[in-house]
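Report on one structure; see the data block that follows.
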């Protein structure tokens, strides 16, 4: 009997990811910019994933869409929230994980899962840019750095500047002020990383932290934030090899289970 | 297809003419006609009856047939009915303004009048509507302090605006025979003041009759709640939420008692005719929910989403009959006990206990606390309620949102949270993947 | 560690605690609101959240709470009580009580006084039982007496501030009043006596030094307070009345830094604590001390929570006249219904009366100082030309 092939498409506000799986094995994973049109991005990501795996759309047994733009994927068989997908994906990557912290471009989430990757509880922050990738984007621009450079810059810091504002807009003013005072850039970056870690830790603690903790989402690629968060939580943080595709991975896994159940 | 809301939206399309339209008897004649024509479209005939009652009362208030008194949501409005007055709920009006799509502009007017966006949007909306002269002028404003800090404060301000007295009921937190007497004493004084201010004769017999009607309402709504206690649910809880109108403005009126009796009969018939397929009306019941507090009125997206995904509000906090029988011969003591017995003005453990009981009784799969921004009473305890109910084994979603103000909901975060919660429930029910 | 009974609202009867020999501690909340996060949502009164954090973190002074008595002033305090109960009340070893306090609606009402008296009596009973303390009317009388004494002395300092605001640091007075809510009155009275005596003699700023030199009987505490009360720099700038909800000390320093003079206030953590008691009244021939105390508290000029509408405005106008204030700073705490709604009512009244008002909204944290700076500075510019600081 042919093994089942499933696809997960995660249409985020900034990036769209696609993962193809066959019976517990990842065939391909793709990350592209969402751009201005969610539907086109979803189609393109799917196409690229298929070609990377040497497959065609008809080979795929089930597709699940997730993420902010999940309603814009007409070729998906169903859509599931990114909360459930991150939960499932994280558990598959590391079975001991019980708390998932996802910091994305526009929102952040804390998710508690059980031993099987089922979501037990969750909290989301999507009302405020502070504590999300957007916060770092704004600040990086102000400091004339690329997002990818923030981690390295942090490593050069001897200490962290104090950033007290809770709000992105006011924190930016603080950064401007610190620059004017001649505070070394690495210290400002470390201060910003601490700031975002504090917000995130607040969210995670409100949910209730249970070890092990995994971090997903684009911001997990910033070692400065990971370290600051780990310190703030007082817990080790597990990082997946590619933090950005965890949602799409989870969607593909859920598609597998769902499809398997339906065919029985 | 014509519907009541569409009709009202059309009638009120020009804000400058709201005053004229709302105070014209013709509006209500036409409205009555539209209601009759659309009678069959209501899921429950009791909703039609309530619509007729609501619009008749609105007409009475705006056309000026009887002295209008404003009543805050949990005020014992039996006092007003017992004096032959026309109680008007500006909070219900705010919900309706939002439903008709005029919420944003009305709230902006409230904000211009000096009200911060951090206060309850119901009240911001009322402040805006009042500043524009859209609400019927009150002869008095009635508020109680136990379940809402904002309402008495708002009414204090509007009392100054309208030059009408604020008659407020100060409810103690701790119960004791003295406390009950204190409240009963205030109720009697208030009733006398209300009569005086509105030029009515304080008639003990009429008050007793109002209390009798209120008691009939209580009995019938309790019957409704008992009938709802079955799987599958015989009514949509979302529809039942509409009956808060009767809870807020109707208690003490003959009509509310009759509508409640009619509702009970209707549900009885439904229950008798329910098949085994899990069908309630046109939907399949997949998840049973206990719903706390209210819901968004500015659009129907959330509730539609819940229902289309197979979610059913098996029971709501606001439908719960929490008070004991009223004695028409002791109206003030009875109403004092009624007001003081509300579970949300007691240690939060009491609200938790009541919800857990309802959750068990109605065999729900999960509990949703709709945290209306600006409601300190309900949302202040949400985190503790969630923890306690979760410890008892219930999945709980604290859903942050707003009943009137939809401006912050553009990104669909509320729907995502709701969907994620239903996914959790599905996992638990089916024991496997989505 | 010492254990103390926490409380918040200025209407809280410390006299009852003192009568039972219970050490009490006024929670005022600080910068840190982190511990509150699991219990109270972010969109609830920041003062309540700050007090919760303070209470759970052992009041930051090494004193541990044995319980709290909170007034049922508003739902933020109701939930604060719930939070303390939830966090600490599990084993029955932590005292949590919500004291009912009638709204006065701007009028004197016998039924309300009786209800408050009953609530006070009930509180005394519960405290006595929990702490194993016996009640004595004598101790109660003494406590009432001492409290009145302290209030009188504090009012004297406020009067001095009114007369020479350029010498006094408003935040210092606030800190003194906060400390008063955490100190035994018999220990505080001599300190205050000493402060008042020294400052009375010191007629102008130059003599502040001699006041410090001449301090007697107050002990080191008096010297510290004196130092804190002293305004650094000075200003003959606009005279301001501050009202609304509690404002952290740093904001007062900011007002003064920018050249303003706080000549009066109507704030729970400041002057409201020292409001005069009415004379003792006899209740039906007997001397019901609870009734006396109840009436005395309820007769105070109302705070925004009391739903006293017109009476409030009249009182504030009288205060403005008395203090010769040129403008009002109205401080609303974010999410505080009482202050937010009241502002909407009062701003029109003040406008009609020709009184300039600055609306300041904070989250009860110093993080808001920079935004406040611009607003306050602009307001001071409106009120008068910039003055020199020397």
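Note that the chains take the letters A, B and C in the order they are written out, and that residue 1 is the start of every chain.
Simple rule for what comes next: a contact is a pair of C-beta atoms (placed from the backbone, for glycine too) under 8 Å apart; a residue touches a chain by one contact, two chains touch by 3 or more.
Being a predicted model, the structure only gives us computed values, none of them experimental.
Peer 1: Based on mean C-alpha positions, which chain is nearest the centroid of every protein C-alpha shown?
Peer 2: B
Peer 1: More C-beta contacts across A-C or across A-B?
Peer 2: The comparison resolves to A-B.
Peer 1: Where the centres are mean C-alpha positions, what is the separation of subunit B from subunit C, in Å?
Peer 2: That pair's centroid distance is 38 Å.
Peer 1: Take the average of all CA coordinates in subunit A, do the same for subunit C, and state the distance between these two points in whole angstrom.
Peer 2: Each chain reduced to its C-alpha mean, subunit A and subunit C end up 47 Å apart.
Peer 1: From the mean C-alpha coordinate of subunit A to that of subunit B, what's the distance rounded to whole Å?
Peer 2: Averaging C-alpha atoms per chain gives centres 40 Å apart.
Peer 1: Can you list the residues of subunit B that touch 2 or more other chains?
Peer 2: Those would be 383.
Peer 1: Please output the residue numbers of subunit C that touch at least 2 other chains, ranges allowed.
Peer 2: Each of 38 in subunit C touches at least two other chains.
Peer 1: For subunit A, which residues are shared contacts with two or more other chains?
Peer 2: Each of 206 in subunit A touches at least two other chains.
Peer 1: Where on subunit B is subunit C touching in the complex?
Peer 2: Those in contact with subunit C are residues 113-116, 118-119, 127, 145, 149-150, 152-154, 156-157, 159-160, 166, 168, 170, 172-174, 176, 178-179, 182, 185-186, 345, 347-349, 371, 373-374, 376-377, 379-384, 387.
Peer 1: Which part of subunit A faces subunit B closely enough to touch in the complex?
Peer 2: Against subunit B, subunit A makes touches at 68, 80-84, 106-107, 118-122, 124, 126-127, 206, 254, 257-258, 261.
Peer 1: Give the list of subunit C residues in touch with subunit B in this complex.
Peer 2: That would be residues 38-41, 43-45, 72, 74-76, 78-79, 81-83, 85-86, 98, 100, 102-103, 105, 111-112, 114-115, 118-119, 122, 307, 309-310, 332, 334-335, 337-338, 340-345, 347-348, 361 of subunit C.
Peer 1: Hey, which residues of subunit B end up touching subunit A in the complex?
Peer 2: Contact set of subunit B toward subunit A: 383, 390, 395, 408, 411-413, 416-417, 419-420, 423-424, 427-428, 432-434.
Peer 1: Can you check the complex and tell me which residues of subunit A touch subunit C?
Peer 2: My answer: residues 164-166, 170, 173, 202, 205-206.
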